[in-house]
Structure formats: structure tokens, C-alpha cells
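What follows is a set of structures for review.
You will see subunit A twice below: alongside subunit B first, and alongside subunit C after that.
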Partner chain A sequence: MKDTVQQLRRRSKELLQEGEVDRVLGWRAGRLAWQSAPAVAESPEEVDRLQVGPFSASNLTKYLIDIVRPEHPAPDEQPPGRTAVWARGCDARAINRLITDGVLDPAQVLVLGFSCPGFADRGRVADSVDLKSADSCQWTADEGADFVVRTADGDVQLSMGDVLADRCASCTHPEPVRCDEEFTGATSAGAGDRFAALAEFEEMDQQERYEYWRRQFDRCIRCYACRNVCPACNCVECVFDGDLPDRPDWLGKATDLSDKQMYHITRAFHVAGRCIECGECERICPVNIPLRAIMQRTAADIEELFSEHQAGLSPEETPPLQSYRLDDPEVKEEGST
Partner chain B sequence: MLLNQNCPGENQSPVAASDTSGGGSPRSEGGEDWTPNLVGFCCNWCSYAGADLAGINRLQYPPNLRIIRVLCSSRVNPMFILRALQKGADGVLVAGCHPGDCHYSTGNYYTRRRFHIFQRHLEFFGMDPERVRLEWVSAAEGKRFADVVSEMTEQVRKLGPNKKFRSNLI
Partner chain C sequence: MKLLRTEDLKRLLVRLADEGRVYLPRMEDETVLFRPWDGGEPSLEGVRSKNATLPPKDLLFPQTEEVFRFVANAADLEITPGEPDDVPPVIFGIRPCDARSIAMLDTVFLDEQFPETFYADRREGALLITWGCTEVRDTCFCSTFDVDPAGPVEDGDIHVTDLGEELALEATSDRGAAIVSDLDDIVHEADAETGRRIEKLREEVRESIVAQPPVEGLAETLAGMYEDPVWEDLAFRCIGCGTCAYLCPTCHCYDLDGETRGTEGVRFRCWDSCMFSDFTRMAGGENPRPTKLQRIRNRFLHKLQYFAQKHGVYGCVGCGRCIDHCPACVDIADFIYAVKGADSNE
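Let's look at the complex of A and B:
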């Protein structure tokens, strides 16, 4: 992985020097060893702090929206120019999502794609390392995705395959699906079962599923982080933001289970067929609601009922719920499944 | 009414009034005499006219369905359905023109896909799929409209009152 990061930095510096792009979007080291934050480099010097670490998990595309469509633009706001983005498979698919949705003009972005090494699950790493005493987390070799966690008690070497986050294990596209320049490298992500999270629901009957989700949603604090982080949730005005004089208030302000259920059902339905399966919603959730399972269920239903489909593989796609076929199956023929 | 929570008529609205059932009999939830509250979204061009025809033909069907007219079945935002369930509906019917007959040419094709996914979605969260139904009823099918309402009323009556996703704040 070291090699890939060096190549990405070198190319990013060139692009900034030549004035090809106005900024480069990537990740930097976080405050703690197991953290990594999105970062913007606007000059070649700043590129040196960009990195891809074992914990650089966040999807960068929501920052692109802030760049091309600032929420509160300054009066003397300059046009956004062109942004280079370090992109893994899921970032590249999310960029396709934004292009399909008309949020992003392909000319505004230059995708520096690289093969994703997969990202580490903090909990799994914590099983073998005391992360509280960890100083840093670094790739060990030019190739491959092994990394070493430096702690006060010595170094611990880990293989990405052993500590891979669930969402990376079930990833189908670690390679960037569409990019302007590609930097190949090792990957330990992918080849997993795309619908792995659904297995536990097969055993449950209807009432058990209801109880299960009731318990999950009951924890929800409606922070809307799952919406804010989602590349498919890119509406200018969201249906859940009330307080608009000419708009209905769909959700009450009180803490009511029914409103939480309504929020989650609607959120998932709004991104149905458009979800690019990055799993950011689940990663970001402060109360650990298994949101990825919901999206997998919907994706599986769409595959079963309509057509083979994975969102974000091409910017020219038509989302399945924004299209139809004359011979789509009728609802009542299905009966209860 | 569904759109405005603070509508002054809210308390008299059929959806929110959970103390009387469609038949006017006392709504003792789960009791023998209980009959369901159904909300029907009928498209203006076919199903609403179909309901009208059922009336003109004096066909008998259970009075449990409250019809809300929409211009097209694809106008039915899934949030309408959720809001109805939240506010005390025991079942929701969405009715539109037969595929191919949509007044706007293609509206019901979108409805069909959307509804299919939405119904499965609700099912995944533990909802009885029988409570949420999509039917095609043309303007000439008064009899069919009556049959659909009878069948659905009977189905939902057997399932009993809906407690899932229901708001505690009404």
C-alpha cells in the first residue's frame, strides 16, 4: 500500500502544480492512531499530509457536494473549479451516483482511482491490540495490505484480511469502477457475499422481525448522521427537514418510536435502487443500527423482481425505481413471501 | 388532511378517529364486533370513477374504506401510507388504472415497481403485507371495486387492529 500512496501523492502534487485541479480530496491521519479524517490539499505542500491508512474509511463524496454546491455561499464565492479525488471502489461509485443525480458535472472532478486494500474494523483490531496505547498505524510493505500498530508495549503486526470491516468483506467492487487515472495495488477486500447481512433474518418470522427492528429503531436518536453521510442522500431540501412554511412536517419533534420507524423506512426507501452499498450509514451510526442489512434487503428485492442491478457502476445508469418495464411482475401475484 | 398535522379538522378526520369504526359500531379493538379502518388512495381517472360506479349501481360493500382521491396512483408517496398507518389506519389500499390505461400513460408502471419494493420493505420490518395493497380498478369496474374492498376488509378484520408503526401520540 505504501507504493500506491506515494504514487497518489506524486500525481496529486503534479496536478496542483500544473493547475489542472484546484484541490485534492483525500484522507489524513486522525488525532488518535485508529482514526483518519477526510482532508483537502490546496497546495502541493499540503499533499504531504494526505494519506490512505488502514482506518481511512470515510466516503469522500459528501465533501464534493459541499464544494460544488455550498449550503451558504459567500457573496464573492468563486466557481468551484476542479477537484481531484482519491477514490476507491465505493468512492468511485458514489461519484457516479452524484453525476447520475445531476449534482456533479463530470468536468468538475478528476478521479484518481486506486484498488482498495479494505479497511480495518476498530473492534477487531482492538481484540489483538490495546488501541488506547497505540501511537500510530502504518502499512508495513510497499505491496500488500498488512499494517503495523505501534503501541507503548511494542509493535503489533496485523493482516488486513483478519481485521477487515464487514462492509469491506462483502464488497463487490474494490477496484474503482470509473476513474480518470488508476493506481493499482493490493486488495484484500471483495469476493465476499454481497448479501451476507441478510442471513440472520432468514430464520425470523414476521413478528420476530418486527420486534428486532423495533428494538433497533428504538435506540435511534434521530441524529440523521446516516442521511448526512449517504452519497445517495443528496437532495437540496430533505423531506425530514421540517420548519418550511409551505411543507408538511412529516415527523414530530417528540421522541416517538413511530416517528423513528417512519424515518428509517422512508430513508431506506428514498435510496432504494440508488444505494451504492458503501455501508457508511452503518459505520457512522452512533447507536449501531444494522442499516446495511436494510439496504441489502432492498437490493436483493430489486435483483429478484426487476433486473440485475448494482447502483453506481456507471454514470449513465437509470435507477430501477425511476424506470419500468411493461412486463414487471404484478404485486398481487407475489402474495406474501 | 394527511399533509397537515395541525389541520383544525384533524380530530374529526376519519383516519385519526380511532373510537368509531367504519360501520358505526363501537370500536373495541380486538373484540368480536371490531371492523377495520381502511384508507384508500384512488386515482382520479379510473379507481375513483370505479368507486363512483359502484355507488351508482348501488352495490353493497363494507363502509370501512375512506377514500382519498389522488390524481394518479403514482402520486401516492409511500409516506402517505406510513402516515395513515401511524395515525390509526388498519390497512391501506392504493388503487389505480390498469397497466397500459394510465391517464398519464406511464404513472402506474412506476407505482407498480415502487409499491412492490415498498411492500417488501414493510414486510422486512415486520409488517403484514396484506395490510398494504395495490389494486388496479378501471372506471368500468364498479363491481370489482366493491369486491376488492369487501375482500380487503375481511382480510384485515381477520388480522385484527394494526398496532405496528402506530403513533402513541394520537
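Let's look at the complex of A and C:
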């Protein structure tokens, strides 16, 4: 992975130097060993701070939206130009999502793809390392380990397989499904069981499932982090942003259980068939609501009701719930046209 | 200092239940939340975790609270004020940082001239049983703001130190002293050896806080940084969610909203977050803070400059929740290091 990062940096510098792109999106290390923040480089010098680390979890695509569609453009706002993005499977699928949704023009982006090594779950790493004493994390080429956590008491070698985030374990597309240039040589997280999170629900009857989800949603604080981090949530203005002068409040600002359920059900339906399965919603939920299970359930239902489908594999896709076909089996059964 | 056998904790809670409704941190789906005690044998898993996921702020300042109901007929208007729960909360296991945050909420809501009556009603009877930290997170930096993670702290009524098999109790208010004096049949006096052991434990906890960003003169420094490029990097990263504000024990901004059906309706108060794009949007659509940069700058300046200028203390207690949970690694401690030109590794 170390080599891949070097190649990504080298190419990013060239692209900036040659004026091929206006900026490069990647990640950078933070104050704490597990912090890896989204970052932008606008000059070759700034590229040196870009990295891909074992904790570079954020899906960068939301930042592309900010670039091509600024929230409050200045009067002298320059056109967004072209942005190079370091992209794994989920980032690349999210870029396809934005193109399909008409948010992004393919000419505005240059995808520097790399095969994803998978990302580490902070809690699992904390089981092996006291993060208070950790200074940094680095990839290693040493046998039997993928990365090293440098601590005040010495290095701790870890294998990604032992600390892999659940969402990466169930990833089916670690390779960049869309890219302009590909940087290989990285290890891959490997094809996982896409619907792994659903297993535990199969044992529950309807009442048990209802009680389970009631308890989960009851914890929701309506911080909207799951929406704001989601590449499929790319509406210019969200129906849940209240107090619009010319629109009714679809959802009260009060946080009772029915409002919380309404929010999550609406979001699940809106994202159904469009979710690119990055799992960011679940990673960032501060109260640990297993949001990925909801998206997996809708994806499994869509496969059952329509056809095999995974969102974001191509920019030309038509999401199943956004198409209408006269030969739809359901239409035929009812004998209507 | 009195010692209570940990296995007798339930008997302490029974006594505390005389004072109000007892809440304690409970582990629920890997999330630690203050929940009402059910009267049974208490689980220690929540209170022994490295602090609750959400602070107990909502027990005094609920996320949603009815202000009044109304019926408006053609002839008259009938208004029924909302009534806060009249059973005061007994918050068991609140950490020193969160206890300090309540002192800060008091500063805001118990203003002499304009007290916030709903908050004041809840706060008046509230009892705080503080719990000294025995293990800190890597995101903790409470000592930066003169919070002692181990205690005893003066922001509550009784301070508890966890010694494993035993819990050390110290009264930190007159009310706390009266309660402890009622416990003679279940507690015994700590000997000098235990006292030394506790002091050693506390010193270790204090030393384990790694981050100590320099805050001296910070408000003054920030006063000259309104147009500084430092905000651009933060604004770039921020995704505009409400995680930081809603997890923050000191954030206290709220909105008044309502629901009306026909001639009846309810007006309620609910938490709001200055990171939301509609936070400052006014009727008619005008928004004085239309960009993320303006919003995140306001959040940080409110905590680290305006609050300090107005109340003499920083509006942050260093609990580290916003650092732990920010989806984009926005880190207020790192921000302070950067502003003060200091190195976090020193």
C-alpha cells in the first residue's frame, strides 16, 4: 500500500503541475493515530500531506458535491474546473452515483483509482493497542502484518484481517469500478458477503424485529450525520430541512419516536436501489444504529422483486425504483397496461 | 471519606431514590446512555465505561419540551403552559467534565434577570452523584479546562471513586453530606491506607490525560482571527451534521417550533445545532450564515471566545465527544494547538 500511496502522490503532483486538474482530493493524517481526515491539495507541495492510511474511512464524494455545487456561491465564484479524486471501490461507485443523478459532469472529475486494502475499525484496534499512547499508523511490507501502530511503548503490528471494519468485510467491489487511471499493487479487501448484516434478523419474528428497531430508532438524536455523509443523499435541499418559507414541514422538529422512525423510513426508501454500499452511515452514527442492515434489507428486496442490481457500478444505470417498464412482471399480473 | 461495598450499591440507590428519579448510565447496543434506574440490581457496565455516549444534559434540558398548548377559537384563546416533570432527576455516575458542563448551563439558563424557568424547575431539585474517571479516552482533554477527571469535584453533591470491590463516597455539598450521614448501616470510614491508595489512583488518572492544548489567552488570540484562513480547512472538512452539537454537554442552543391542527396546537422547544444550514435562516429566507465556514467559525468562536468573554470561562469542558464522533475528524483540541502555534506531540 505504501507504494500505491507514493504512485498516487507522484501522479497527483504531475496533474497539478501540468494544469490537468485544479485540485486533488484525498486524506491526511490527524492529531490522533486513528484520525484520517478528508483533505484537498491545490498545489504540488500540498500533495505531500495527502495519504491513504489504515483509517482513511471517509467517502470523499460528498466533497465533490461541495466543489461542483457550492452552497452559497460568491458573486465572483470561479467555475469548479476539474478535480482529481483518490478513489477506492466505494468512492468510485459514489462518483457514478453523482453522475447518474446529474450532480456531477464526468468532465469535472479525474478518478485516480486504487484497489482498496480495507479499513480498520477503531474499536478493534483499541482492543490490541492503547490508543492513548499511539502516535501514528503506517502501512508495512513486513510479513504477517498490514500496518504498524507506533506507540510510546514501541510498534504494534496489526493484520487488517483482524481489525477490518464490518462494512469492508462485506464489500463486494474493493477495486475502483470507475477510474481514469488505476494504481495497482495494493492488497484487496476481497469479496465479502454483501448481505452479512441480515443474518441476525432472520431469527427474529416480526414483533421482535419491530421491538429491535424501535429501540434503535429511539436512540436517534436526529443529528443527520447519516444523511450528510451519504453520497446518495445529494438533493440540493433536503425535505427534512425545515422552516422553508415556501414548503410545509414534512417532519416535525420534535424528537419523538414517530418523527425519528419517519425520518429513517423516508431516507431508506429514498436511498433504496441507489445506495452504493459504502457503509459510511453506520460508521459515523454516534449512537450506533445499525443503518447498514436497513440498506442491505432494501437491496436484498430489490434483487428479489426486480433483478440483480448493485448501485453505482455504471454511470448509465437506471436505479430500479426510478424506472417504469410496460413489461414489468407486476403490471402483467394485474392485467393492466 | 466513607466506603461502600460495591455489591451494596443498590442500597445506596434506594436512598437516592428518596431524592428524585434516579438515572444511571446503561450500556445498550454498545452505546452508553443515562436511563432511569429500574429498581433492580444495577449493572455497572455503563458507569464503568469510559463515559456515556451522550451526556446527561437532556435530563435538565430535554431535546424536546412542550412549552404550551393552545386552543384558538374565534371568540377566545386558551393557553395551557407545559409542565416539566415534577420529580427531580438524581443523576448517578456523572463524570467531572459533564458535571462542570451543568455549572455552565446554569450560567446560561439561571441568569438572575432572565432565568429559564423550565430549566430552573428541573435544576432546583436535581442531585448530582459524580463519578471519578479511572480510565480516560485518547480524546479526553478536560484538564485543559481545569476539570479534575479523578475528583473529588465540587460541581455535584456526592463524589464516588471506584475502587473495584468498594466505592469511596465523599460529600461535596450539604445535601450530599446529609445523604451520606444516613448511610451509616452500609458504609464505614476509610482508613489512611485507603486514602493513600485513592490519591495514587487519582494522580495516575490525571497524568493519563495526554492532550493539554494551551488555552491561556486563547479568547484574545481568536479575537484577531475572524478572517484567518484556519477556518477554510475546517469548513472544507465539516459535513454540516449536528453530531458535535448534540453530543456536546455544554451546547445549549434551541429552537421554538410548533405543530397546529385546526384550531389546536402545541409549541415546543427543541435542541438546534448551529451547524445546520437552516439554523439562522429567517422568515423570508434570508440567512446571515449561509456557508459552512461561517457556521463552523461561529461554533468554535462561541465556545472559545464569546462564551469566555461573556462568562469568564471557556464553553468547553474537554469531554472529547465531538472529537470521538466527528465524521470528518474535526478536532477542537487540534484546532487550539494550531491557533496557538503549539505542537500536540510535546
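In the analysis below, the second predicted complex is superposed on the first by the 318 of 337 C-alpha atoms of A that agree within 3 Å, B and C clash if a C-alpha of one lies under 4 Å from a C-alpha of the other, contacts with A are read in each partner's own complex, and residues count from 1 in each chain.
Following the convention adopted for this analysis, a residue touches a chain if its C-beta (ideal position, glycine included) is under 8 Å from a C-beta of that chain, and two chains touch if they have at least 3 such contacts.
Small disclaimer: the values here were computed from a predicted structure and weren't measured.
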Of the two partner chains, subunit B (first) and subunit C (second), which one does A:R88 touch, if any: first, second, both, or neither? neither
If we overlay the two complexes on their shared chain A, which of subunit B and subunit C does A:I284 touch? Say first, second, both or neither. second
Which superposed partner A:E71 touches (first subunit B, second subunit C, both, neither): second
So, does A:L305 touch the first partner subunit B, the second partner subunit C, both, or neither? first
Answer with first, second, both or neither: which of subunit B and subunit C does A:Y324 touch in the superposed model? first
After superposition on the shared chain, which partner residues are touched by A:F269: those of subunit B (first), subunit C (second), both, or neither? first
Contact-wise, after the overlay, does A:G252 reach subunit B, subunit C, both or neither (first, second, both, neither)? both
For A:R292, is the partner it touches subunit B (first), subunit C (second), both, or none of the two (neither)? neither
Name the residues of subunit A shared by its contacts with subunit B and its contacts with subunit C. 252, 254, 256
Taking the complex as given, what residues does subunit C use to touch subunit A? 28-31, 33, 53-54, 63-64, 136-139, 208, 210-211, 236-237, 239-243, 245-247, 255, 257, 259, 268, 270-273, 276-278, 281, 283-285, 290-292, 321, 323, 325, 327-331, 333-334, 337, 344-345
Any idea which subunit B residues touch subunit A in the complex? 3-5, 78-79, 82-83, 86, 99-100, 106, 109-110, 112-130, 133-135, 164-169
Contacting residues of subunit A [partner subunit B, same complex]: 201, 206-214, 239, 248-250, 252, 254, 256-259, 261-262, 265-266, 268-269, 272-273, 294, 297-298, 301-302, 305-306, 320-326, 328-332, 334, 336-337
Inside the complex, what are the residues of subunit A that reach subunit C? 30-32, 35-40, 58, 62-63, 66, 71-72, 131-135, 215-216, 219, 221-225, 227-229, 241-245, 252-256, 280, 283-284, 286-288
